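Order of writing sets the chain letters: A, B, C, D, E and F. Residues in each chain are counted from 1.
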Amino acid sequence: MAAAKRFRFLLVSPYSLSERAAFQPGPRTGPKEAQLPNYAGIAHLLEDVEWELHPGAPATHGDWPVELREEFAITGVNRLPIVREACASGRYDAVVLLGGGDPGYLAAREIGHRHGVPVTSCAHAQMHIAGMLGARFSVLDISEVHNMRMADLVRLYAMTERCASIRNLDHPLPRPAAAGRPTLLGEEEKAARGEPSSMLEAAVREAVAAIEEDGAEVLILGCSAAYWLQRPLGRRLAELGWDVPVLEGYGCAIEMAKTLVNLRVDASGLAFPRDPPRRSRRRKFV
Amino acid sequence: MAAAKRFRFLLVSPYSLSERAAFQPGPRTGPKEAQLPNYAGIAHLLEDVEWELHPGAPATHGDWPVELREEFAITGVNRLPIVREACASGRYDAVVLLGGGDPGYLAAREIGHRHGVPVTSCAHAQMHIAGMLGARFSVLDISEVHNMRMADLVRLYAMTERCASIRNLDHPLPRPAAAGRPTLLGEEEKAARGEPSSMLEAAVREAVAAIEEDGAEVLILGCSAAYWLQRPLGRRLAELGWDVPVLEGYGCAIEMAKTLVNLRVDASGLAFPRDPPRRSRRRKFV
Amino acid sequence: MAAAKRFRFLLVSPYSLSERAAFQPGPRTGPKEAQLPNYAGIAHLLEDVEWELHPGAPATHGDWPVELREEFAITGVNRLPIVREACASGRYDAVVLLGGGDPGYLAAREIGHRHGVPVTSCAHAQMHIAGMLGARFSVLDISEVHNMRMADLVRLYAMTERCASIRNLDHPLPRPAAAGRPTLLGEEEKAARGEPSSMLEAAVREAVAAIEEDGAEVLILGCSAAYWLQRPLGRRLAELGWDVPVLEGYGCAIEMAKTLVNLRVDASGLAFPRDPPRRSRRRKFV
Amino acid sequence: MAAAKRFRFLLVSPYSLSERAAFQPGPRTGPKEAQLPNYAGIAHLLEDVEWELHPGAPATHGDWPVELREEFAITGVNRLPIVREACASGRYDAVVLLGGGDPGYLAAREIGHRHGVPVTSCAHAQMHIAGMLGARFSVLDISEVHNMRMADLVRLYAMTERCASIRNLDHPLPRPAAAGRPTLLGEEEKAARGEPSSMLEAAVREAVAAIEEDGAEVLILGCSAAYWLQRPLGRRLAELGWDVPVLEGYGCAIEMAKTLVNLRVDASGLAFPRDPPRRSRRRKFV
Amino acid sequence: MAAAKRFRFLLVSPYSLSERAAFQPGPRTGPKEAQLPNYAGIAHLLEDVEWELHPGAPATHGDWPVELREEFAITGVNRLPIVREACASGRYDAVVLLGGGDPGYLAAREIGHRHGVPVTSCAHAQMHIAGMLGARFSVLDISEVHNMRMADLVRLYAMTERCASIRNLDHPLPRPAAAGRPTLLGEEEKAARGEPSSMLEAAVREAVAAIEEDGAEVLILGCSAAYWLQRPLGRRLAELGWDVPVLEGYGCAIEMAKTLVNLRVDASGLAFPRDPPRRSRRRKFV
Amino acid sequence: MAAAKRFRFLLVSPYSLSERAAFQPGPRTGPKEAQLPNYAGIAHLLEDVEWELHPGAPATHGDWPVELREEFAITGVNRLPIVREACASGRYDAVVLLGGGDPGYLAAREIGHRHGVPVTSCAHAQMHIAGMLGARFSVLDISEVHNMRMADLVRLYAMTERCASIRNLDHPLPRPAAAGRPTLLGEEEKAARGEPSSMLEAAVREAVAAIEEDGAEVLILGCSAAYWLQRPLGRRLAELGWDVPVLEGYGCAIEMAKTLVNLRVDASGLAFPRDPPRRSRRRKFV
């Protein structure tokens, strides 16, 4: 029996590259399930969701995946019209922003709140759900420059006390800047075939260091192109005797969206005031 | 059509008083829905849950409701056998501890983790969900002594940076210590009848002060006997132009339980190690 | 004798509106000195600077000034090409971003560091120079929504411990959202004519409250359209007996640029790594 | 000449096990001096004290020593009646709770304050006295699960900024869960005989790591069954050239009790309000 | 029967003024008991102490009491030779520095540690003992400039998280700078005679504000010339229903000295390294 | 063409030793340029400054350089008369205190503010300018005891959140306490001759550790006798691929002085109140 659909979500990819691009976050054709990376791992979370997948706004920063602050800024702005339209349409209970570095998230929440529509995103959701499980989390993330985006998010979300560290797997996305260096391209496939994956090995090594040296009690993943690590990394850590949860972003963002919809809240109007606000405060503390 | 049941939860009351007790958290007879306080407000959250309600262990601290640290400690220990049995039974996906001051919660999570069963509780869940909505929350709570329990929880949960304040409504539970003072008894009923409720007025006053003076962006409720405030307080604040979410504990604890069940996690084994642990760390940071 | 020019700076306005726009940050014609708001107050700082003024990228968020996070995100991205070109040109020792809410600043610093060119901005510079003068600063800022941008910056710049408060003057920019409400339009002129200015009165009231209630030891100004307050507010506070510095952003950003140029640094390559970095770290703390 | 007795203290053991139990915190017979572990090290502190030793409430969690949060919760509640009676009796100037993990301490202080009787406990006293000696302390503690109790206490006592780390000696108490693993049983005796003690070696290793890697300036001991380490560890560190104080809990709790008695204070009535309080506050900060 | 003397302490006044000076911290002649301000309040603490009182080094900053940072620096250096000599003499178990603003304390502890002699001081001791009683303290202090010395000490002692506020009683010491303004001169006497004391009234008002607005749970006194407030302020607060401890510095510094002597520690050699140190660390955290 | 002189500064050495002293911070004769250590590195910063160099007050702590807190306290007081006279003379726009450990700085700023003259100092200026470049700095410093002075300054300046670590190069100044140990004497000369310098090697090693292990994004130098490291260390780190700024104190203090002069501020009168203050606050937060 098909599960009752309790929710209507729009999932929005961070950006779309051209067909010529060396890297594609997922297949560009086929049913939405095929186009959503790591679908198998989150299929059970979507059973009670009527969902659509937006492929993301065409990239204008270049025809390669995003790592720099500059690229995150551009990409984030590019997808705001999608959020605006989705929230205004009345067709969705929530908007789930895909992409590990949360491009456009604060502005998107501001838009969402105007319409009473929750907007969730992958890093933000992971950090909050990590807090439910243990005192401090570490972010396992792909590259030096991408790490700094994660650091900005930790600050913006006031998570500095809870972030034990950001650990660098040093497997960047296949971008021009990474030419001639090992990237994460093909690592998931190697791991799936049971072949050694240097990225998975790096993840194991850095996860153990995060636990032993940084005080991490929960692990989260930085870039969505590393979310596939969740299961194999979790298995490897369990084999080593480490009893530690590994989160990834899609599932967390989807579950957080359900929670907000069910509780009939989206974001505080004091954190995301309408314009004009019905009421304003003389002072704010940060 | 009946909604599919996706979850099996045990809801555990914090304690049960004798039939003679002046205060009862809810009716002692009738269907479980009638016995669960504020059911109407959370009925929609339980639609996809197959749930049972445990009345709580008989109180041994006295035949009155709990406010003191001493009483919280005793009550918390009293309900551990219920948690132990529920987790061992294999009958539940999660255990939801009712009661605003989370009696027994840390020990219960330790037990739950041994069995891989998530245990959630009202203050803890509210604080984490508040973080999803805004930067800082204030706790609206019933009395001077109960406030200190909430303060202990804020510290234990490492929420000091996020807690803007604990605001005292000064409407204690009907306990011997409150003899001759106004209590919260009857306030919900007055408000429901549209009569003036001094407790609701206090809540409005302190909520506004929390927003204007303390920097709260989200409001949560301390004692479960004050959860009925959520709707009337929310309405009053909206009428005043304040666009601020008001949470209560039952819904948050239920939703957090769903999230953990869906994500197949309960608590970090590094925060709640098994005994003996398969692996231990040389150092921890707090 | 003309002062020797020691520095070559490009000053970049945050955005430019059409001629039809109700609000113009400064005159659109005449010499650069006439187009730079508050020039008189900072003329002495530019004596040893050979400077150009870029009018800013044409606004695409709407033909009105910026207050929302959404608008800041869009505006910030719009001026990145100007920064990119200026840094690549080799014509400037530093780029000074005008505008109170620092649109595009983090990405601009990332670009600047690639070229070894310091980029400074008004809120960031004010916060750092405030730290040289006293332990904690308050931001006097124009409106509820603009306040939240300032709060985001305080977090991003890791200034939460040093920010005593953000105080709301409730004199928004003349935007459609402010239709029918008092705005800051004309307030500077009123104050200049010696007429009562409600904005200046609000600034005095909130400055005193920041000193007396929030523990501010230094005052900074949020929106560049409020920078004119520096002198009249400083005078009023002095008349009241308060011995407190009031900063504004242009002067601070210019002076910070000089300092960086003189010290031959721009930004840490560990905070703004090149892509690819020559060397990467296994972990980062936030 | 016998020293004048200035103080009357009741020392309360954390719990008592049956005669059959594999582990006994101290001899069960003989004079009180013989029954108090590590008496030799603190005898000089008791010279001006008229003291009694309560053996502790019979254990109900099992017939083995305490390490789990669950066991701490149960044990803590079990000894509250002893505290209640002692405080009410008027026979003691102060109650000193023995046991490294402070079972029942917060509730016991609440009780004590009702009677104006100071109650002190070992971890709490050590942490405060450590602060008098240096900026940050590390806790040397016996096992993974016991470490988490210490972490909870660090949070509850608002000592997170002062706790450099908790270091795990991995020598648990002889409990069923430790079956087949090395425990701390016999380690003190080995060290006393001048034989190698793996526990002492672990303490030296972790103490040095706490100093060199975590920034500890003072060392405190977690479990009372590790307090014997104070002297041999202190000696070993001195031999290595480390000039660092090592505290243990009994002496600190006794000295803190003297200080409070002499200063005629016990605990703030704002932190441990009477019920009902004579006066209550509208808000609390945590 | 005379109490056995367990301790040998030297109490060192902060500085001595000439006979012509308008202000004397205490009588300049008579037995030491008469010369020690507030002796009555601490006589019971000195019963088991063999003590001497050093009148302090002659003031070189001017012939008036100390309030400015400049004066504290000078005074602090002036009394170092006294500390040096006392520690080297072998005649004292501890040195107790009198004076509310702890002049010379850090350097004096450095000297003391070289000799294994504990040195305690009034603000430092109060702040640490306050922590034993409640979560946060406020300092009731005499004047704007003296407040800033207390603020420096709060930072130096890493007490920022525990200091709720410094409250200004605005009754400065009788210094040339205070000419024509009300000072604290004569206030103690007025209060002792049962006449209204504006200083005591200010203390009550600011103490209540510290409790109600700042979250103080314990009150400490800043300047030693305000220590007389302890008893009358405590009484007044109790009459108002506030159940809050009020500390003063002499008693706290004496008791802390006893604790350190009894525990055979003075200061961590890692916080106050000998020169040369037997062993040094590669890094320190602050 | 000679650069226009925009500023008039007095540079004040920390102390002067006798001609017999084993260590001299710089040549004692010749033009001021020859007497100012590291002049070559900062000559360009002094081009627009009319400056004088004060040799410092004769040392009274001993005829050797300063490392201990005691010596810093004494030295700091010794140079206050120089600051007082310079500020009162009206001859200088600013006073720049030389010396790495900022002896006398807080009192000197208090004096300066009385006259409206900015006073800057090396550690303070470095820490603030470091914040403009990256999130966290490490201090590379010469010895165990000197490190503790730097730690005190980090606390006093409220820089604990920004200080990643203090790293010990273990090359003390040539003082009696260092007899028989390697000191920093001659290290600069070795490095200048291209010979191996153990101090430079230590700096490289600790700098890399600060980056990799402590999260430093900027490096500052502790003792002025180590400022020569700036260039060779910067080069070595660049060769290793580390893209990190290395600051030193003279340049930072000079540039900060220029900024303050240009902005017409010196220090907040709320942080350094005049005596008597025209206006005082009821409370301060620290």
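Note that a contact is a pair of C-beta atoms (placed from the backbone, for glycine too) under 8 Å apart; a residue touches a chain by one contact, two chains touch by 3 or more.
These figures come from a predicted structure and were not determined experimentally.
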Per Cα centroids, the chain farthest from chain D: C
Superposition rotation for chain A onto chain E, Cα-based, multiple of 5°: 180
Rounded Å distance between chain B and chain E, as computed from the means of their C-alpha atoms: 45
Length of the line joining the C-alpha centres of chain A and chain C, rounded to whole Å: 32
Shared interface positions of chain B, touching two or more other chains: 135, 151, 158, 214, 271, 273, 277, 281-286
Chain B residues touching chain D - in the complex, by the definition given at the top: 67-70, 72-74, 76-77, 80, 104, 106-107, 110-111, 143-145, 147-148, 151-152, 154-156, 158-160, 163, 165-168, 170, 172, 175, 177-178, 181, 206, 209-210, 214, 271-273, 275-277, 280-286
Residues of chain C that touch chain F when the two form their complex: 1, 3-4, 6, 44-45, 48, 124-125, 128-129, 131-136, 158, 161-162, 164, 211-212, 214-218, 240-245, 247, 251-252, 255-256, 258-260, 262-263, 265-271, 273-274, 277-279, 281-286
